[in-house]
């Protein structure tokens, strides 16, 4: 039996999930909801499903699970509502920008016994999965240092920046989750430095566009992260892990594997535009993993707790960058 | 309006096309037929379409186009039958192993005015398309030499070899088509050498498993092809083109972009298993191109004539390898 | 006219310089001195020069310049002595492990007007030079982030560790100099974290073997450095620089450009063993640059001041790692 | 004791050998001769050796070996002369452009018992040596196909072309030697196609500038070679070998290991200019091997016989390209 989904939010990331769901042989997209009606209608037409209200979806017996892709400030409310309605929930990161609100929401999830998965898509990228598997197989021994590179092709518009919670909660949060995923140990201290080098307007909005972060675990494992809101050559997403027996790296994916050589030298095309094309396989695998966990009754990861922990690191990074000090994690 | 397809043949390549059709927003898979009923039923169940007979498909008003994935010796008959029935036709290569039969069949297609596309999937690979586009943009000037590498991961079973028409008609035929696609000029002479180095049984069946081919065009452009029925490191598919202004290359796709380094050095995983995973995007683009041509009334390429020309080169290569002489193309 | 050199110290790094000097058409190795006589004799025999005492070298009219490759604790004394003797001086890093002693020594150099070059060999690596030149040409716009990877193949013996001044003064000091070389701005804050993950004995000696460092400049440019005393795959030396218009990277040099592919995948050989083979061209270019400056009367870089500044950063890193706080540079 | 050399010919390749000899701790350059006196004087000044006549070198008791870098049409005479004079001989390829003359010359060498090494420098490139060693270690099983790419950066002047013996005897001859070096079996048939695509003047001189060659051994091993007198991106020198267990490749050397990324994509610098910079290590290793053989009394390779066999293949290729037929090797 297919798992029947309702999609909440038909924007950029909603479309990514609609495609992943409809391309999955074990999933069925039943309904879509969006505050902006035209967006809902268009997506419904493209994927042959119904437009429904939140109330209808809540009451629907043909909906097993909801995928929450609405604006961030609605996430926690929707999680609580559908947890109480007995639906399985996939929620895009973050659960909320407030740690307290996240904790409250996760309490509700716990009480209702609802199934909740938080959308850290990178964990499901085939190459990153292969990296994690190679660590588990002991191929590089004990992990010692992790180096994460994460650079967006260009800065988002001011409207986005304002609601984003800032670079650490919006962008680095993925790296914090990957750091936890790869280090195999909880992080005990965060040092971050952040600058406005790309776009002055970002600074005027109180945010940063360029950041470097240093993380340490209890046993002394280290992680460095470099972020920028600009990469002229495309969406730059790399991982490097050093262990006692060797190194593991995940290079950038290349949309075209061609090269041209002439007097100027050897030239390869830029990287992917952004996450919608770079992480196609990851989004598909993420939904597959969600469905598998629902069917097996297995624990779903990444959990709400994973979402919370990444947010705590993001808040610590912001404090470190602002107060210019090393921040210990409680 | 979607183009409605019937799939003839539910084997390995039939499944590849079923996936490409059902993943295309402008296509609909209506029916499937296979001499082996269980194969048809399973595919119909997986993709939610009907099992029908050839007669039913021929008569069906809800079928716009057929995709022929049946055994090679049925291709020409099916093309003629569905050309007369007014269906658009996509046929897997080759049209037939006999040049005379191909010519006869193409005459029928011409008379009926039917739309026919021959399945040379490689032309639609995004990287190979980008290579062709770069040539057209003059980025390497005039094409001078083409180097094609095409190596299967392992030899097919004896049953396949027997019906395949031999390595040149079955395997190199793709390279002959790519050579024509990339050289931009017809080939006037073929020299081939072929050996049995991989599997003695292939030799006992009268075929070869290792071949090198030298092609020349009227203006002196050159192409070399190397083929083998074995590549321990995966399905090896590379293109290199030298022009008056530079070089263009399409490297192998890598299913995982990871690397591990230790005392032994740097190690990357093997290539794709075979064409079903390597050319996923190419098969999707191929069907998209077929649909676009049907809609626009544009000429469909590769044409039946392209299929014929590749077969003529394959026959010439066989003659060259067997008679140990350079064979001129009429 | 060739510049005539005396080499002080015939150990590992002394041999590297002997080779660079004798391979330079504008240099002549006249004399060698080593506290361990046999080392001096062997080197003198190999390169056809004389063994002399410090007094003889000081008094020699046929010696234009000395190359100091003796133990670190003799550097400052030797610099002062030969500065007073009117010789040009090339001194291996560091001038001394004590900032005060370095300052005192540089005062003497200034007073005597002696020519002094400090041996930060990496600045002279052809690829790193090309990186610096590309920045100067504006090819990546303004520098924003620098990422330095520097990993030794294996930890040095305890005797070496004891006299080394610790990982920051011995190993990271090269990265501090490269950071200054590439950032184009002085560093104003240092955060370092350091662990003992490779070899417990190193920890027992009060040193670290694994470190990550975060540097910031006044305008908010950032640099991250990762170091380890172990890299099973060879001597890992990489640079990556992000600017407003793009990225510049210097990859590892590979002693062999071969690759082998089989069922396990694609394998390339390990990197160079260590600096003696990795930086052959850099050491040659370093001496060439020293000679050119002597001839032109041009300023010699890196200067003693460069050596001092790198040492100040090293001391700050040690303080940061030990006191677990961000350290501002005065 | 060092081996004492006289260098005959102080042109482009003579300088390469002068550098290799003087950089070798076991060699000493004693004398140089050139028909063009100034060339001899300059080289003698640069490397601190004497200018001598052929007669003086022949009679000199302080000359152990001669390195012949004079024009091709003098090689055979000089080999015979110095063979009779009891000197060891290193001769640049080819011994002569006439097979009969080569045979005659090698007879003289045999009769005199002289030591003769022919200069196929590529065999001594560290990466190509590593490829050969990996084959010997059985790492790719039995060799099945060899693919050689050899492209000069630009065509030589007309004066050079006229005396060169044509592309096959001048340029492909290196690939013929590498084919023999790597195939591990003698070649029994040659098919070549050659065109004038780069420079019409080359055609007017009766030569070609673009060639593709197909070689076969008795057991059915195959080799394809592609050559061009132009490669805008630098001197292109690659090897690829397919065996029963895997593939071995030697990639191009890169003078700079840097990469720049921007909106246009990723760009690496061009390759080496030509053989003088690309094969520095090979020329050094070649002289080292010559010296080692002289000292050990070991057989010197490549031998005069190797030179002869490569020339026979070159002649066969020319015949094949001209007469448009497959040429069998006797």
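Chains here go by letter, A, B, C and D, matching the order in which they are written, and residues are numbered from 1 within each.
By our rule, a contact is a pair of C-beta atoms (placed from the backbone, for glycine too) under 8 Å apart; a residue touches a chain by one contact, two chains touch by 3 or more.
Since the structure is predicted, the reported quantities are computational estimates derived from the model, not experimental observations.
Undergrad: If you tally the C-beta contacts for B-C and for A-C, which one comes out higher?
TA: A-C
Undergrad: Measuring between mean CA coordinates, which chain is farthest from chain C?
TA: B
Undergrad: At what distance in angstrom does the C-alpha mean of chain C lie from that of chain A?
TA: So the centroids are 41 Å from each other.
Undergrad: State, to the nearest whole Å, the distance from the C-alpha centre of chain B to the C-alpha centre of chain C.
TA: Centre-to-centre distance between chain B and chain C: 57 Å.
Undergrad: Going through chain A residue by residue, note those that touch at least 2 other chains and give them in order.
TA: Counting only residues that touch two or more other chains, chain A contributes 232-233, 245-247, 261-263, 269.
Undergrad: Would you pull the chain B residues touching chain C in the complex into a rising list?
TA: Contacts found on chain B: 232-233, 261-270.
Undergrad: Could you pull out which chain C residues touch chain D in their complex?
TA: 23, 25, 46, 126-127, 130-131, 134, 139-140, 245-263, 269
Undergrad: Residue numbers of chain C touching chain A in their complex, please.
TA: It is residues 142, 144-145, 147, 149, 151, 189, 191, 193, 195-198, 210-212, 214, 216, 219-224, 226, 228, 230-233, 236, 242, 244-247, 324-326 of chain C that touch chain A.
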